[in-house]
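Look at the two complexes coming up: subunit A is in both, with subunit B in one and subunit C in the other.
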Partner chain A sequence: MMYSQFFKHMLQRDFQVAATQKHEFGLPIIFFILVLVLFPLSIGPEPGLLNRLAPAVGWIALILAMLIALPRMFVEDYENGWLEQLFLSGYPGSLIVSARIISFWALYCLPLVLTSFLLVPFFSLEIKLWWVLAQTLLCGSMLMACLGSVASALLVASRKGSGVMALLVVPLLIPALIFATATMDAAGQNLPITGPMFILMALTIFALTVAPIATAQALKLNLG
Partner chain B sequence: MFKWLHPYAKPEKAYELSLSFYKWLMPLSLIGIFVGCLWGLMFAPTDYQQGDSFRIIYIHVPSAIWSMGIYMSMGIAGFCALVWQIRLMEISVLAMAPIGAIFTALALITGSLWGKPMWGTWWVWDARLTSELILLFLYLGVFALFHSFDDQRTGAKAACILAVIGMINVPIIHYSVEWWNTLHQGASITKFDKPSIAGPMLWPLLINIFSVLLFFIALTGYRFATELLRAESHRKWVINLIK
Partner chain C sequence: MLSAKNLTCVRNQRVLFENLSLELNAGQLMYVTGPNGAGKTTLLRSLVGLNQLQHGEITFNQQNISECGTNILFIGHKPAINEWLTAEQNLLHWLSLTQVQADSTELLYKVGLTGLTDVPVRYLSAGQKRRVALVRMWISQAKIWVLDEPFTSIDHKGVEVLTALFKRHKENGGYVIVTSHQSLPESIVDQEFKLAYRF
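Let's turn to the complex of A and B:
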């Protein structure tokens, strides 16, 4: 099989497996909504304040919801032996991993980004600002999926790993958060957003290039 | 150089070398730190703006400088361990991680003690403080990752992978945070210009920076030797050594 064909095949398989276990994908979304609900309840229902906080809340909720979803990235395939077979198949490990990152992003992160539309009614966020926020969330969630794939692969065999996940991912995510905030600030003041947005995209592309190599290395380590 | 380095791939030789580092450098570094602190605390002139409270610089700056330096050396050791599959390098990464975490914590604590009289607050969300705090989390991550594995060897390799990723990320984090917010005073020694700190104040600081480096090497040597003994505890040379 050609590499491109193999890649397509991997994506297809991930979506087919996902279609058989639909209930799993609802959980992060419900968690995301719960975090959104917690904020107005804990700081009070004042519209001006909520409006200012909305982008930050969207980002925090996304990070928390993804921390719930990330440990599942490789665990199932590791336990039923599918990963081992894949790595024995002779295809490059980074190809396998990047297919998984993309399917994970489409299955878990994309719904979360769409759910962030709830910020518009809940936090009286303007639609125009939400659109910018959604762009930063799209990039940021891709970046987080890349970083998370490394962490998830490192912890795939470990029983005590769930608490460590946040410690591994969050410090590395901080640059993305900073540039996303800068983008939102610029958009809030009607300034051009291209500068910080492009840096965020560059970080994402960099992570998408480097992370699969590290992830493949980490998986090989755990497969022994 | 490789001919000279080659014998140290053997654990016995590496053990002896690291212990001799400890033996020679520990007294030297302690003397250096003693002299530097004595000079800095007693004889260096008082700052005209900050009074005597600036003297914490003699502890704050060396630990802050080497907290970053240790992370770099840890990342390089992790990279070597992964590329050339050198097991002793993995052990050295584990030997360095807690020392680096302590240095970082020390820099944060002395920094906040200094910040209270000067800036009027224990903590501000300033660029250098934030990136130092994130550095502490990176160290803790390496350590926590190692301990979340049952098999020591796998844990050590995982920690190496994380150290390398962290090393790539440290500059990105540093500059992005700097871009985000800056209040901390600029660098006074490391810029490529005449240092903007007076000579009599500078000398004890340089002595302290250098002796803290020696102190770090000595500590690493000691921890490396101990970790090596633990990892090789079933081997013959260790059993002979302990007898």
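Let's turn to the complex of A and C:
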């Protein structure tokens, strides 16, 4: 089978499995919405303060919501043995992992980024600024999925992933958070955002190139 | 010819086996026996290249085993079945992973799962789940079959069918390596490999 066909089949399987477990897949979104709702309720109706906080709340809520989903990236297929069959099938490990990162991003991160539109009514964020925020979240969530895949692969056999997961992933996300904040600051002052945005994209592309190799190796170690 | 030379495996500071060598020719079945904890599963996983060995090499027709992906059928303790999907969906994923063309309904009929094809696997019994995994032996085009306890949860009739499959695979020049705590009929066993528990 061609690699592209294999890749497509992997994505199809992941979507099919997700469709049978809607509760698992809805949990991070519900958590994300709850955080966005609780903030304005506890801070009070001050539009100036709220819209200044909005990007930070969006980012932190996304990071926390993804920490719920990340430990599940490989656990199920590790436990039922599908992962070892994939590694035996002779396809490159990094291809297997890339497919999983993409499907994870499409299933868990993309809905979160779309849900971040709630910042517009709840935090009286301007739509123009939300659009910039959504772009930083798109890049950032992909970066986090890549970093998380390495952590998830390392912790796949331990079952008690989430606490350690946060310790492994969040510190590595700090550069991304800094450039995302810089992008939002620039957008808020009507300055060009391309500089920090491009660095954020570069970080994401770098992670997308390196993470699958590291993840595949970590999974192999855990299988053996 | 499948050959393993000087395999050594250490697990949890215990030597499971040391300088172990074996050879298997086309059309032969190797029956690996030994008490619990002797390292049967570890040996089988090493033979297919899933385990990292401390020492030794495994080759199939002068080729390293890790390059023989499509030539190996490994069925271990983990069935590689997603319990949320139906038997048919699981089988279809397997077919497209191994690029085999086959009629899934007919295959599931052969293993006695007619009428259960659209039930999520988690509602099936242990034996039925095992059958969903074992379907792979009917359609496998792999030369080397490595089967870890294939008879677990399988009824008498099922065991007979599996033994017949081993026989057919041997006649076609295949290699079978199997562990089991149930005894296999002597007529199909070509080599018996005993692993002892080491302290």
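Assume the second predicted complex is superposed on the first by the 222 of 224 C-alpha atoms of A that agree within 3 Å, B and C clash if a C-alpha of one lies under 4 Å from a C-alpha of the other, contacts with A are read in each partner's own complex, and residues count from 1 in each chain.
The rule is short, and it goes like this: contacts are C-beta pairs under 8 Å (C-beta built on N, C-alpha and C of every residue); 3 or more make two chains touch, one makes a residue touch a chain.
Everything quoted here is computed from the prediction, not taken from an experiment.
**Q** Aligned on subunit A, subunit B and subunit C: do they clash or fit?
**A** fit
**Q** Contacts for A:Asn51 in the overlay, against subunit B (first) and subunit C (second): which applies, first, second, both or neither?
**A** In the superposition, A:Asn51 contacts neither subunit B nor subunit C.
**Q** What is the value, to the nearest 10 degrees, of the angle subtended at the Cα centroid of subunit A by the Cα centroids of subunit B and subunit C?
**A** One gets 90 degrees for this angle.
**Q** Let me test your reading of the model: by the given contact rule, A:Ser94 touches which partner, first (subunit B), second (subunit C), both or neither?
**A** A:Ser94: touches no partner chain.
**Q** Counting only touches as set out at the top, which of subunit B and subunit C does A:Leu221 meet: first, second, both, neither?
**A** Touch partners of A:Leu221: subunit B and subunit C.
**Q** Between subunit B (first) and subunit C (second), which does A:Pro175 come into contact with in this model arrangement: first, second, both, or neither?
**A** first
**Q** Could you tell me if A:Gly81 is touching subunit B, subunit C, both of them or neither one (first, second, both, neither)?
**A** second
**Q** Quick check on the superposed pair: does A:Val17 touch subunit B, subunit C, both, or neither? Answer first, second, both or neither.
**A** Only subunit C; A:Val17 stays clear of subunit B.
**Q** Nearest CA pair across subunit B and subunit C in the overlay: distance in Å?
**A** Taking the overlay as described at the top, subunit B lies 7 Å from subunit C at its nearest C-alpha.
**Q** Quick check on the output: what are the common subunit A residues between the subunit B footprint and the subunit C footprint?
**A** In subunit A, positions 221 sit in both the subunit B and subunit C interfaces.
**Q** Per the contact definition, I'd like the list of subunit A residues that touch subunit C in the complex.
**A** Touch list, subunit A to subunit C: 1, 6, 9, 13, 16-17, 20-21, 76-77, 79-82, 84-91, 221, 223-224.
**Q** With touch defined as at the start, can you tell me which subunit A residues reach subunit B in the complex?
**A** Checking each residue of subunit A against subunit B gives 150, 154-155, 157-158, 160-161, 163-164, 167-168, 170-172, 174-175, 178-179, 181-182, 203, 210, 214, 217-218, 221-222.
**Q** Would you mind writing out the residues of subunit B in touch with subunit A in their complex?
**A** Interface residues on the subunit B side: 82, 134, 137-138, 140-141, 144-145, 148-150, 154, 157-158, 161-162, 164-166, 168-169, 172-173, 176-177, 179-180.
**Q** Name, in rising order, each residue of subunit C that touches subunit A in their complex.
**A** Listed in rising order, the residues are 45, 48-52, 67-70, 72, 74, 76-85, 89, 93, 96-99, 120.
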